[in-house]
């Protein structure tokens, strides 16, 4: 009954198989290989256009590199106050951008709003020498609270951003779950809605360590290769990074796995929400539940073998009682049933 | 009727005279001169103890260098959301610290509270690898809103900070005004209250360009000289920086000038507060007034020759109607009277 | 007949098997898994002492992170003028250290000497404020020219470094080949000879992407975890990084593969050195040959299917005629024979 | 008999007077004042064209800011191995550029050559992802060895640089002495010869702390204001920085003072060169002498009251016997005569 994180799951066998398939003889290093070419073509196909894609191994690297392509060292990035770039990367965006600032916004359900953008820009948006210069908005889709922006919401935010001269980055560590949840086309949720650069994560959805930085506006990528290399994120045996993407993207595996993960969260939520002792705090749009419960129940579930995090977040309306439960493609119905049963038995 | 900023005033004649007195023959560069030694001794005297002091020319440099001595690149500094280091230095602390993050707190009157510190530390204080590591608190005394922390308030904040393992920095761009307002000893407002490092500003109070970084805990200064040099803030003809401090500190000029500036603000406030058309928003503890007035009155005052800033700040309770008025040692009674008369005449 | 680089080879089956073995169920993220524990124990065993080890995926990351633990932003690292950190990482050490400087030394065969260290320290070693402060020496073993320092040479360099107050880093991208060449114990070539931190590379010797930062002096690693995280080099599914090391280190695979690669280079050298048209420029201590040959022969070999780099290096005694040939664990006798035959046939 | 450095001299009275003249009432901060406007116009006049100029207080800041406008963090700057940016700024260019690398060149008399540039570009000039990308050449005029490039030499170097896609920066800490030495127009020695950005220093030639970054290609300055602010080098009372330039540039004071300093060095050289016990090592083009003498003579001169530096430099052909003597506008004939007499008396 492990609901700690979707990164506790291993590598999906089909992705492993794709890696093994790439392990054929000597091949060009640093991306000059057939697997890399194939993976790149899959991105073009999935996004229904030519994109410029770079492969790295962590979401932090993907986000930091993407943002460093958008803002100068004296620049700033607008993001939600619980965004991963703000809270969970130990200052990585600051390192990669050479010290740019993150300007944070509150917002229900982990979502930012056009109004919040306007307010930050009212305070920081003047092109005066004393201020950092906001140049980008970073959205997280799906959000840190397991909610999903609608395509229209993304469009409205991107439009607002653009009106303020901001480029738009999407942190898609759980991009698959977001697309699966909305049932939309990847293109609709990204470039057609105004996204300039996407961090697309596969690691949390069955890959080993595979994140992609996808530029829809290629001109933004003009110096990216040096940024990637200089951060130590250019693999020599790049084919094994690309291979994960081949396994992940071909035959729709990525949406299949995300669909499973989302469905399992839904089942878990359905089972728990009937209990008076718990409150599901956020919409369960993807594979994450934020559940308020007393320490007694939490201890009981842990004693029964349940694993999950107590969730620390700004504000703390639940006074330490919020817990995060994450499902993955590997979550079984049995685990869910057992967990719900344990909760009922309290 | 210029109330734009105290940095619009020139150099006080006594400070100029001290600079001229230092212009005697050839002398050692980079601080190896008699004036530097004299200035250092004055700091020891004023703070009633041996301190380690470094001279720079801007408040930004003083703050950035001080903070870079307190936090690692993966560290964080807690500060008020309107702190100068956050809003007005174009990302300087991030540059100097190598990318450390500022974690901001709201708080009435530009003041932070022990509770706000606790809340940030609840969210970011775990020594886990994913978070930036808070290592310092930066207080502004007097605050950006012209208010002043009491000695007890500073003590309580420093104690709270220390309890969380944070060093304490004081941004004293208007330190003189703060001391003059409280009528306390500099030592009481700093090291006796738990301050580790002070940015002491003279520029806004009659110097040409003179800011000092004062370490009460000398061990924190062990690599400061390289940080200062590397940032381009080590003058070769250092005696002229030190001379400003000699002129400023000796014979109590600094408190005399701050007293004048504070008193003029008080007079201005007293004259304005009687008017129904204006609201004095903050306590007028030093030489700054934050005054809410309609655009009509603001335009009228400007037409009459008044100069001041519309004040942009997070939240904007006054919907664009807040104005900042700053007095200085050079503000005349006549200017104040003229301004009040103009306001009355609206 | 591919002699472009050892990173053109794929992943050794035993290493792949170890990765697959790690793909078992849900396991703790970020290193809290059994495979990581096992890999760490193997390092202790191989180095005959307790070490502190961190796993990353590129040699650049390993070097940059290691150096950032040794020098401050105003510090400097001494290294050879052809060191990988100097020439081939697009400024990564500067990014990771926050701007520390590399001070380069010439030296035959890619090796630095105690005299060269003394000369740099004569110029830069004064602890004066105007200079960057040298705090580390970085040695490359085996060197960029395929030569190997003897254990005594390393000891003498480390002693010289320590006499100047420098910590000692070893860039061991081809550490295996060096150990195999010397036939010594890893401990003798590292901590017993005075090395403080080692970048140990497996990628060029059969792994997918596996480099380890090994601290012999654990106190130097006190903030390394944040540095690693902040650079985007902490894998969530860390077990797959560790698994590569398990496959690599257990049962002596690493030395077996390095032995093969070295032997193949020796065979290639033996076959070529008899030809009047080529000159082997450096000692062939490991799996690299530096061969001077005219453009005609180079073109002939390439037309016959040979692949290798023209080698650009400071000085260029061979006026563009130096070529680098690299063998790997996957280089076959047939390839070597074919290449030599082609050369003979010119 | 102080020949330690030209920065031991004080502020020339005319420059002091200009500062005092600027101390008139309240004036706009951050450069919005009449003195700043006047100083800017003087630059246009002296360079016979519209230039974009920024005022800072140290040569390090001027150089670092200028270079940060020319190269990205993954970029590189070519310079002489004894350039101030390389040896004497404690890593400032690296801090300001976000970690760009300096690639150094040897060269007689502190001068670089087109051949040396070609050699660095042969090694580092490929636009491949593994290398730092050279984007600028930094020349020092006059050089660190007190020699002066001819206008033709500068033209040839700038042309070579441009052929490699490099912008050209001139470090003119002793620009005045160089112009005075050549007797040329400032425009001929800079933009007409191909210089893009100039660090023009006044501090060593009679100012208090006044260095200017002069952009001949204004497009390069598009984000300079933020860089300057973010480095803590934007003065609020900017008029006092500009005033130094007014005093320095108007009525040709700068060339008059440089002429004196140069002439005094010439006299000193003429007096010393007759002595068999000393060797003047470099051309004495400006106000610096590099003099080889035994320790006995050096000690004798110091005992007699002479002050000067032993000079540490790469290579050390003189085995510790090289000494640097610097004159300034304040050096008297009597001092020179006394020093020569003391040398003769040994």
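Chains: A, B, C and D, in written order; residue numbering restarts at 1 for each.
One rule holds in what follows: a contact is a pair of C-beta atoms (placed from the backbone, for glycine too) under 8 Å apart; a residue touches a chain by one contact, two chains touch by 3 or more.
Here the structure is a predicted model, which is why all the values come from computation and not from measurement.
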item	value
Touching chain C and also chain D, the following chains	A, B
Which of A-C and B-C has more C-beta contact pairs	A-C
Most distant chain from chain C by Cα centroid	B
Centre distance in Å when chain B and chain C are each reduced to the mean of their C-alpha atoms	50
Distance between the centres, which are taken as Cα means, of chain C and chain A, whole angstrom	34
Contacts with two or more other chains, residues of chain C listed in rising order	73-74, 89-91, 95, 98-99, 129-130, 133, 226, 229-230, 234
For the chain A and chain D complex, residues of the former touching the latter	30, 72-74, 98-99, 129-130, 133, 223, 225-230, 234
In the complex with chain A, residue positions of chain C that touch it	2, 4-5, 7-11, 16, 20, 22-29, 56-58, 60-62, 64, 89-92, 95-96, 203-204, 208-209, 226, 229-237, 240-241, 328, 330
Touching residues (chain side chain D, partner chain C) in the complex	73-76, 87-91, 94-95, 98-102, 119, 122-124, 126, 129-133, 312-314, 316
